[in-house]
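You will see subunit A twice below: alongside subunit B first, and alongside subunit C after that.
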Partner chain A sequence: MLTTEQPESRGRTRFILKKMLGSLLTLVFVLVFNFVLFRIVQSDPIGSLFRGRNVPAAKIADLRTAFGLDESLWVQFWAYVRQTFQLNFGISYQSRQPVWNEIVSAIPATVALVGISAVLSALIGTVGGVIAAWRRNTWKDHAITSGTMVFYSMPDFWLGMILLVGFAVVLGWFPVGGMTDAGTSATGVALLLDRIHHIFLPALTLTLAYLGEYALVTRSSLLDVMGEDYLTVARAKGLRDVVVRNKHAVPNALLPVVTLTAINFGFVLSGAIAVEAVFSWPGLGKATADAIRGPDLPMLQGLFLLFSAAVIFFNLLADIAYAWLDPRVEGA
Partner chain B sequence: MTSLAMQRRRATARRVLTQFRNSRPGVIGFAVLLVFVIVALAAPLLADVRELNPVFARAQGNPQWAAPGTFGVLGTDHLRRSVWVQFVWGSRVSLFVGLAATVLTISIGSVVGIISGFVGGRIDSVLMRITEWFLVIPFLPLAIVLASILGRNVWNIILVIGVTSWPSTARLLRAQVLTVKQRLFVDRSRSLGAGNAHLVARHILPNVSGLILANATLAVPISILTETTLSFLGLGDPSSASWGKTLEEAFVNGAMVRNAWWYFLPAGVGILAVVLAFTLIGRTLEEIADPRLGQAR
Partner chain C sequence: MSWPVLSVKDLTITYNSSAGLVPAVRGVSFDLAVGESLGLAGESGCGKSTLANSLLRLLPEGTVTSGEVTIDGQDLFALSPGGLRAVRWTTGAIVFQGALHALNPVQTAGRQVREPMHVHETVASDDEARVRSRQLFERVGLSANLLEAYPHQLSGGQRQRVLIAMALACDPQLLIADEPTTALDLMVQAQVLALIAELREESSLSLIFITHDLSVLTCVADRLAIMYAGRIVEQGPSMDVFQNATHPYTKALAAAFPTIGDPASRKAPSGLAGDPPTPGALPSGCPFHPRCPLAEDRCRTIEPDLRSSGQGREAACVLI
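Moving on to the complex of A and B:
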């Protein structure tokens, strides 16, 4: 027992270590890339700050020193790396507050909104995909497949605009934007209800927009499994159709869905830029949309770094989950 | 090329065409796309481009925020411009950017994928490492950052989409090239003295071209949707209004609070229709290129 178990777990550990090293390398690449993008391509950040307005030369020189733009590139890069690890991303051009503070204050709103939508769309999409595959070529399959494809093919923010006009402007059932009623002093349950009232439409938009991918992936993965011999065996044993589906077919078809879910969670932070802008949802997406209008480059740079780090982290989690669920991965 | 190979290729083309014609989703997608291509090409005949200019629209005496029916087919916007004219001319920009960006995406992806798969070794691992890096960088934020740095014009948008979306094509093609490379006819040709250039041009490329075509068709929707989102976020070209730009202007100028649905519905429907059309065509082509998929879907 021990002798067969040991090499297996060692292989798994090595696989995970390798993946961690890879993620670390990717993180370094992102850092370099981010630096190059903002410091070399954007040659005159001070000029873009004032956008051609007339500013005294002395003030520009002061700002250049303040932002450290007069140092050599290597010094700038080293300073950049050091500051990044100290979570110092500079000062936002627009709010004049540290970028990190601005970002941190926007994280909860985005995690709540996109987290809820990601979970709901994964659940509903997977169930939809299972029904579509199991009842293949019936009206149910056609309705689910074409319905999800339509939602998948429209710009998510446009869907948001339609829902907003329909349910908030015309019917007045929901607020037109924000996270709470303006100037509300509600606490406890009342505050929670107010939040749910506000999150409903943006969450519905994102859920509908994400559904399609899960439904399509689940459907084709389950259809692949449905030809397998072990399902015929399960049926030959006299098991009921529901048991064959839920105990034998679906677990084997879920692997690609698990990966998709993990990878999509990496995109959670950056996933709702335009939708947050439509609903004035005060999260990272709206912060990005606002930073574009500046352009507020330190803010954009910080957000981009955070978004990339999130994707790298969740990709690593996906790889580890995969190694756990599918023993064949070890050889890879 | 020998006439035998020529004949075989012509037969393949005929087979693909017949299979495509027998696929209902494929035909529907093609018909929808055809309508929009005609609209885009015939834009000067369908709508007066001068109507896009607010000064001209005002001089014409157009009403502001007119609902459909009270003025023209699709009403007017806050600057008295006809929404129909914007829709027709917007189709040109959206389709052009979508197609041009796809050409760039597929070119970069194919070159990287084919070199990586065909040459192998150290070059392969370096190229694949770079591809993986680009795969993890979140696509839309990268496009946003690049577009904000490069500036707002159509060519930059095309460049940004091309540079950010090639990695999946590269991976797909590399995998396909690896399997084609193992086939007997490649060994045979090599032992007859064929060089790398000949092998790639005459044996590898013809055998992956179907995949490239299917992949390109499926890349167009991503390009169009990306252009739409970038324009909506204010990164679009101010001088050539795409459907995404129309959506931005409708949003920024309060069309939603006014319930001026005629301002933002047409552009979105246009995007949805074109994206669906390309998706249907692409999936049909993919099924023809890989019949195993046909059963699975």
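Moving on to the complex of A and C:
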């Protein structure tokens, strides 16, 4: 029972602190797991450097010492933890550059592409889902539900290839890949337009691919809410239909959508491995695809850690958003 | 007792469900004078909640309605969408059942009480709405700090009081209380009934009180109407109907409650065998005949209309 304002906000603070602690523990687990995983897959890291070529045994022994592979697992683990916190993820096998530098240089391209697509698909998908549910069993509902379902069920890289072939190869309206025209010296507005020209097809692919999930989840969530008595009460009060929808139905229906959005944003960094590869988009997804082909294990290890951290962070954000939106989240 | 605040003539409501047409209300007529209170009783499925919701046109789309409803002199079914919204909550307001999800879980109680004042512009400012909502809370016996509470932080009785305060927000002439005491424990039920009785004494509020609990109605209703299978089967002054029922169904309902001061009835409150008929598949003739202890052959074929059964009283039974 509520007596003053305080217990409620205390309950929420406690809830958020608990979730933060949980995220921290998950992060520690991921750190350990990442170490163990790469010790299992990588039986002979030095051997993979030379890809079966003949190399003197003494040279190999030297390299093992140089990489610290002759130390015990515990020493290696300690070095791994220490260096991770120093953002030192080792040297990429392919580019011979520090993994961290490679990752940092690929982040902006991915954040731009997947960020734009995630925001657009969340907005358009949610609005579509609201319209479909509110006008259920009308032509609007059928068009939105079946339209988004088609894109939802397509593999994203396949959709990307179709768009690429159609709009870039056959029609020639858009470039076939990359982030800017090769050798361009454009600056300012011209550079921005060039970027938009390049990002259009991959962003369209990802937006279409994610759209359906939002539309379907929003629709079913709103349909559940639409049977609730408080909507009849809102109508009885003399509210306009659109106010009943936007002020009473949607805020209650959006709770599961908030979780979905946050989880999808967690995949912003890792989200587009296949689509970036299709469009040669120089982001983390393409870096991952290239590293798998190597295999460039230090690069993969760094990428995995980053992807996991992003997912954990956005899940925490989802919990905090939930506590803010739903007053019933207290000591839960 | 002059101009009726509400007049219902031959109201018929048919739901359009996937299973076909389901008649929920079949030709109901009554008048409600200013300040009068009508109790509507019957088992679940008899159409009483459908009737309540139809009085503000809150039934789902596709529901077929015929007949006439005049509310405060206006033809309800002829109102434009804007005109309908203007009638809702200012002329007639509904007290919904608080045990159900009648309150929006993500808004504070106070915000939901203030909302209709803003919509109908019965207050000039938000400050005025806050003052009024504090007064309303005080009126229904709630502490003002509960205005900031969310529904899940309130008890069942408190939620019911919030719903009453909310219904009073725009000073309606007619209050429709749809099972407001169902699912409350007995003490709280008595408090809520006392509150409604007080509200009526203070103003010229007209009341329609819907319940399946006949004994509740004798405290709040001037007149009683008993519904069975979508029709009114008996109506009259409430004490007369309760103590001296003429329709066999009303007799059975009244006998289901022990009478205080009559030890014999307390030992043997009698029930009524069988279930109420499904609205989609009503029996022929009088829909009560399969459960009626006095049923005759003609009851299988004749569905009697209401006929006079004493002073100010009517019942629909061939035996009267």
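The rule is short, and it goes like this: the second predicted complex is superposed on the first by the 327 of 332 C-alpha atoms of A that agree within 3 Å, B and C clash if a C-alpha of one lies under 4 Å from a C-alpha of the other, contacts with A are read in each partner's own complex, and residues count from 1 in each chain.
Simple rule for what comes next: contacts are C-beta pairs under 8 Å (C-beta built on N, C-alpha and C of every residue); 3 or more make two chains touch, one makes a residue touch a chain.
These numbers come from a predicted model, not from an experiment.
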Clash or fit (per the criteria above) of subunit B with subunit C on subunit A: fit
Subunit B versus subunit C as contact partner of A:I107, first or second or both or neither: neither
Touched partner set for A:W158, first subunit B, second subunit C, both or neither: first
Residue contacts on subunit A - larger count, subunit B or subunit C: B
Partner chain in contact with A:L191 - subunit B first, subunit C second, else both or neither: neither
Subunit B, subunit C and vertex subunit A (Cα centres) - angle in steps of 10°: 80
First (subunit B), second (subunit C), both or neither touched by A:V127: neither
Touched partner set for A:L63, first subunit B, second subunit C, both or neither: neither
Nearest Cα pair across subunit B and subunit C, whole Å: 12
Of all residues in subunit A, those that touch subunit C in their complex: 1-5, 8, 228-230, 232-240, 243, 248, 251-252, 325-328
Contacting residues of subunit C [partner subunit A, same complex]: 53, 56, 58, 85-90, 93-94, 96-97, 100-107, 115-116, 119-120, 145-146, 148-150, 152-155, 166
Contact set on subunit A toward subunit B in their complex: 22, 26, 29-30, 33, 37-38, 41-42, 149-150, 153-155, 157-158, 161-162, 164-165, 169-170, 176, 219-220, 223-224, 266-267, 270, 273-274, 277-278, 288-289, 292-293, 295, 297, 300-301, 303-304, 307-308, 310-312, 315
Touching residues on subunit B, where the partner in the complex is subunit A: 132-133, 136-138, 140-142, 144-146, 148-150, 221, 225, 228-229, 232-235, 244, 247, 250-251, 256-257, 259, 261, 264-265, 268, 271-272, 275-276, 279, 295-297
